[in-house]
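There's a structure below that I have some questions on.
Going in written order, the chains are labelled A, B, C, D and E, and every chain counts its residues from 1.
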Amino acid sequence: MLIDTPSSAKSLPTDTTNAAPVIVVENISKTFQNGVKALDGVSLSVSRSEVVVVIGPSGSGKSTLLRCLNGLEDVDEGRVVIDSIPLDDTRRHRDAIRQEVGMVFQSFNLFPHLTVLGNVNLAQTLVRGKSRSEATAASMALLTRVGLADRADSYPSQLSGGQQQRVAIARALAMQPTVMLFDEATSALDPEMIGEVLEVMRGLAADGMTMVVVTHEMGFAREAGDRIVFMEHGRIVEEGPTRRFFDSPREERTRLFLGQIL
Amino acid sequence: MMRTRKRPAVRPLDIAVILALAGLAAYMGWRVEIRLDYDWRWELIGQYLLRRDASGALVPGVLTQGLLTTVRLSVWTMLAATLIGTVMGLARTSTSLFRRLAGQCYVGLVRNTPPLVLMFIFYFFLADQLLNALNVDAAVRAAPLWAQHALALTMAPVNELPGFLSGLMTLAVYEGAYITEHVRAGVQSVERGQFEAAYALGLSPWQRMRHVVMPQALPRIVPPLAGQFISTIKDSAIVSVISIQELTFQGMELMAATYMTFEIWITVALLYLALTVACSLAARRVELRFRRGLS
Amino acid sequence: MTTVASPQSGHVRRVFDMARLVALGALALWLLALGERGLGYQWQWYRVPQYLVDTRGGTLSAGPLLEGLVVTFGITAASLVLSMTFGLCAALLRLSDSFVARLAARGYVELIRNTPLLIQLFFIYFVIAPVMDISATTSAIIALSLFEGAYASEIIRTGIESVPRGQWEAAHSLGLSPFATHARVILPQALRRILPPLTGVAVSLVKDSALASTIAVYELTQQGQIIIADTFLTFEIWFTVAAVYLAATGSLSWAASAMERRLATGD
Amino acid sequence: GDMARALTEESALTSILKRGSLRVGMDTFVPWAMKDKNGEFIGFEIDVARRLAEDLGVGVEFVPTAWDGIIPALLSGKFDMLIGGMSIRADRAAKVNFSIPYYDTGMAIVAHREVAPSYTKLEDFNHSGVVIVARKGTTAARAAARHMPNATLKLFNKEPQAVQELLNGRAHAFVSMAPLPAQESIKHADKLYLPFSGTFTTEPNGIALRKGDVDTLNFVDSWIRVVRAEGWIQERQHYWFETMDWQDRIQ
Amino acid sequence: MLIDTPSSAKSLPTDTTNAAPVIVVENISKTFQNGVKALDGVSLSVSRSEVVVVIGPSGSGKSTLLRCLNGLEDVDEGRVVIDSIPLDDTRRHRDAIRQEVGMVFQSFNLFPHLTVLGNVNLAQTLVRGKSRSEATAASMALLTRVGLADRADSYPSQLSGGQQQRVAIARALAMQPTVMLFDEATSALDPEMIGEVLEVMRGLAADGMTMVVVTHEMGFAREAGDRIVFMEHGRIVEEGPTRRFFDSPREERTRLFLGQIL
């Protein structure tokens, strides 16, 4: 049961270059076909085991930034490097990055036609080429970790939102990613269910997973975030260590935003 | 599919498809060379489209007359079928079990019977009785001359009118079943919340339909309705079995007389294509208009 | 939407509604009977059974109508498989990123949907078939498959497009290849939206296969027409043929709605 | 007295005279009934119908009707009588009344030069593997089945499709009412030929009427006797069936 | 501009029976066709000008309760009386009650094919039989009140969520209802937009509107609610005056819920 849980896997890449940042974003811009400039010269670097929380008003480009990190969107300018692999047009690089980066969506996006176990197994067997039994062993370990081992044979529609989101996290972890991206992972949930998902995310952070988290949950940001990035109009307005950011924001706009949201 | 990335303009699939099509065409051409032996007489087709009458004036030829009958029949059918379809479609979304069941029986029966068979049964058993009961034939023959002319222009000449009306009714009942489903789907596509909001505001069922549901359902109903018009044009070919002299009937008559099988079939197909493609284009414009109006 | 009735009165209303439906059916039958009287037709139903089941010579064998039904089913089944293939190919081409492929698929769908099936059938049988040396039955199957395939492709395409974008993105994020994404994630989900309308295609196939009678294929309609020509039992045979078709298409439709209900409630 | 009057009142004859026009049902069948270049009906049956109407002192309306629905159309009164090259047969007479025959025809056969080379008698066609085409619902189909039971019969809705099948070389021979086979063999002399001249059946053709209308039947019978005695029918037969003079009227 | 704003209209019915409760719910139960018992013997009475806030976990029957109050759902047992009119099968009673009760939905449910003004005018002209100009005058007064007079000619799709919800409130107010029902009126909104809608609701409460509000916004409940009702499994677990409810909940279950949500 202990083979290959992500936490044990995570220690592997550490051998290489622990000091170098895992995510390097250099001056990226992105304009959609409808003319909306969603990202406008954003630069960011994230070190190994760091938890970066991105906040900002609706439409500020938070999701777009996240989606650029695993190639769901292509940048118009600038470059993205994940774990020393540049995200370019090379098929091999793209595939490698998609396996390095796990993503959890606001709307869960579980595969409705597969059981919980099927969801977690799918990529392991198809992409990692594991045997069915190997994959199942790893999946069950992950499901235990998110507290859902007993629901392995349920279908997503039979689960509550919080449970679905935890399965989505397990599914992403099954690829043993170096980096996890969370896009408002709790904002489609009922208040009571938010807690259980945040709990799992806290656990990941404590285990040293590198994470970029878009959230409205300031409690979580304060508690688990190493660094806060505040975006507006596709730009980073302000960033800083969590404590400093919340206690003495430098920008007027940040103060205004925090005032409204807290 | 979801990403727009700069890629080479010509993709492998492009080439594969071009090669496949070219291969098929070449093979067909080769087979035609060695097999088909047909004495083409395209030069004779013109007179069936346009011809000179005794006085030398240009008048529509047999096929054009058929085409016009097809158009008249389709337009009237569509009007009648839209009426039937709207009534039955609303019945299918009604709260009354009776109306829902009646609508369901109608659609189920009509859509599961081969149109040819439906045509026969309706034409010989029902349409005539209706026409006789209304005494249409006598009324038309007694009508003033100008009215008869108007009828001949918009429907059919007096002596062919009963047949035309029977065919029209039969086709309308057939197409109406499909329109019923379009109307039902359109009404059901309006979100439940809209019904609820209208209810909460105190609107009556009729007001709810008229001011809230229909304005939203209509943009979703009109495109399939336009598609149904194209189907109607095509389906009108089956009334040839009950001797309404539309395009297919005229084509078959002509073929029986002249034995110019291919020339006539191809001409008839092209005439249908011209008609339906014109309708498709119009339909697309209507659809775009509605879509723009909605957003 | 809202049912405005307490349970008891609801029950009464159900019974009342059913009664009204029966009354409506009776009215329709009465109209038919009236039509029949006006026609002055001499019914000879007793001559019909021999065309369904042949009892001559003491042994039981299928009469021409049942033989025709078997041919009809054969054509339908073959066309169904083929039309699904055409439909899936055209749909995938339509959704591909190749301009030529999209154009070709679009052209196919538009051409087929804008001309009467009868005319396509004749074109294939009298023009293409002699050239390619294929039989009447094969011609019928090809024509029907091409025709229904065009409709199937639209159904499949909208089915695939109806799968939420998030599913593609999730598959992408997990590193699934395009093929795996389609085969394991998208198509299994699209299938539930596609299957019910596709049964509609099967129903159309059964009905449209009647047109094969025009190119001398001995299916149900052709057998019926031959019997009518010989015996002038026009209405008896047409009604029988209609009933046979209705039984076939009706059970297909019923299966379709049962499946739709299962898919709607299942997970 | 009253009964007889009532019957007369209801007879087709009375309603024809009242309406002032005779409605005739027919289906296109070269050269029996077809449209000329101007869209007018011409042909042998058309001449018969016109003469009949003329002798009755009324106009004529043609109701072209697909063969499939021609009997129900007659029964449901879409037209008064059927003058459409219908062969008299006992089983058909169970559904409609036939007049006395106004002319006799028979079935002839035309064969494909390459597919069925140098066949000379009916027996040559009566083998399995031989494909005969004919029009569905005609006595030609029945005659072919009776005289060549071993051959495969392929039936089409209209003659042109059957002929096209033969020209495409997918059948050995085409059976139809004389003189159509002979005319086809002349038109396509390079491909088709007559294995033997003349017909291999004889069939009397009659005018079909609704059952129970004795008056009209009697009128039609009498009229046929008169025009036959005149030799008019025979003269028309010669023009339509033995000459090709009418060819340029249709193309 | 001052003719017929709801607040001036609201003073009219006060003449009749101010002491008697406006909403009386007696022991109602409701089982859906799928067998779910959404309400199980709920009784509640709301006095004029009272603001009752209904809270409870997901699926506890809050929405169903609200929907029974204006006849969107029919109860299986028990009875509902609004402003002395019994909600029964009589068409006249139902119509009267629908006009007494305004409802604001979580998903706004604005009519997308009508402008903002059209939305607010619709029921006034169709149900109240006002002339177009009368209706427009009243509508503009209401839109001013919710701060959207300048967007009268926009279509709903051109507005932000918060703006849409404020239009929905104006639309419901246009019928001059005695009672307003809010079903999670802010939970489909972005954090920044929640504020503006709550502000409008606070205003209504201050003006003395009788309100039943289902919400997860505990801040609003504390501040504007006169009484809190806590539901679970289709039953009312606990109810009480706001201060008492939050400061010393009596039931263990309530404490648990409040602990998680706050």
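Everything that follows uses one rule, which is that a residue touches a chain if its C-beta (ideal position, glycine included) is under 8 Å from a C-beta of that chain, and two chains touch if they have at least 3 such contacts.
The structure displayed is predicted, hence computed values, not measured ones.
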Can you give the shortest number of steps from chain D to chain E, where adjacent chains in the path must touch? 2
How big is the rotation, 0 to 180°, that puts the C-alpha atoms of chain A on those of chain E, in steps of 5? 180
Based on the averaged CA atom positions, which chain is farthest from chain A? D
Go ahead and note the Å separation of the Cα centroids belonging to chain B and chain D. 34
How far is the middle of chain B from the middle of chain C, if each middle is the mean of its Cα atoms, in Å? 19
Taking the mean of the C-alpha atoms as each chain's centre, how many Å separate chain A from chain E? 38
At which residue positions does chain B touch at least two other chains? 2, 120, 124, 128, 196, 199, 261
Send over the residues of chain D in touch with two or more other chains. 68-69, 72, 76, 161, 164
Going by the touch rule set out above, which residues of chain C reach two or more other chains? 2-4, 38-39, 122, 126, 130, 169, 172, 235
Of all residues in chain E, those that touch chain A in their complex: 57-58, 190-192, 195, 216, 257, 260-261
In the complex, the residues of chain C that touch chain A are 164, 166-167, 169-170, 172-177, 180, 184-185, 188-189, 192, 267
Can you list the chain A residues touching chain C in their complex? 70-72, 95, 98-99, 101-103, 105, 107, 109-113, 122-123, 126-127, 155, 157-158, 168, 171-172, 175
Chain D partner, complex, touching residues on chain B are 37-38, 44, 47, 51, 53-54, 61-62, 65, 120, 123-124, 128, 159, 163, 240-243, 245, 249, 252-259, 261
Interfacial residue positions of chain B with respect to chain E in the complex: 191, 193-194, 196-197, 199-204, 207, 211-212, 215-216, 294-295
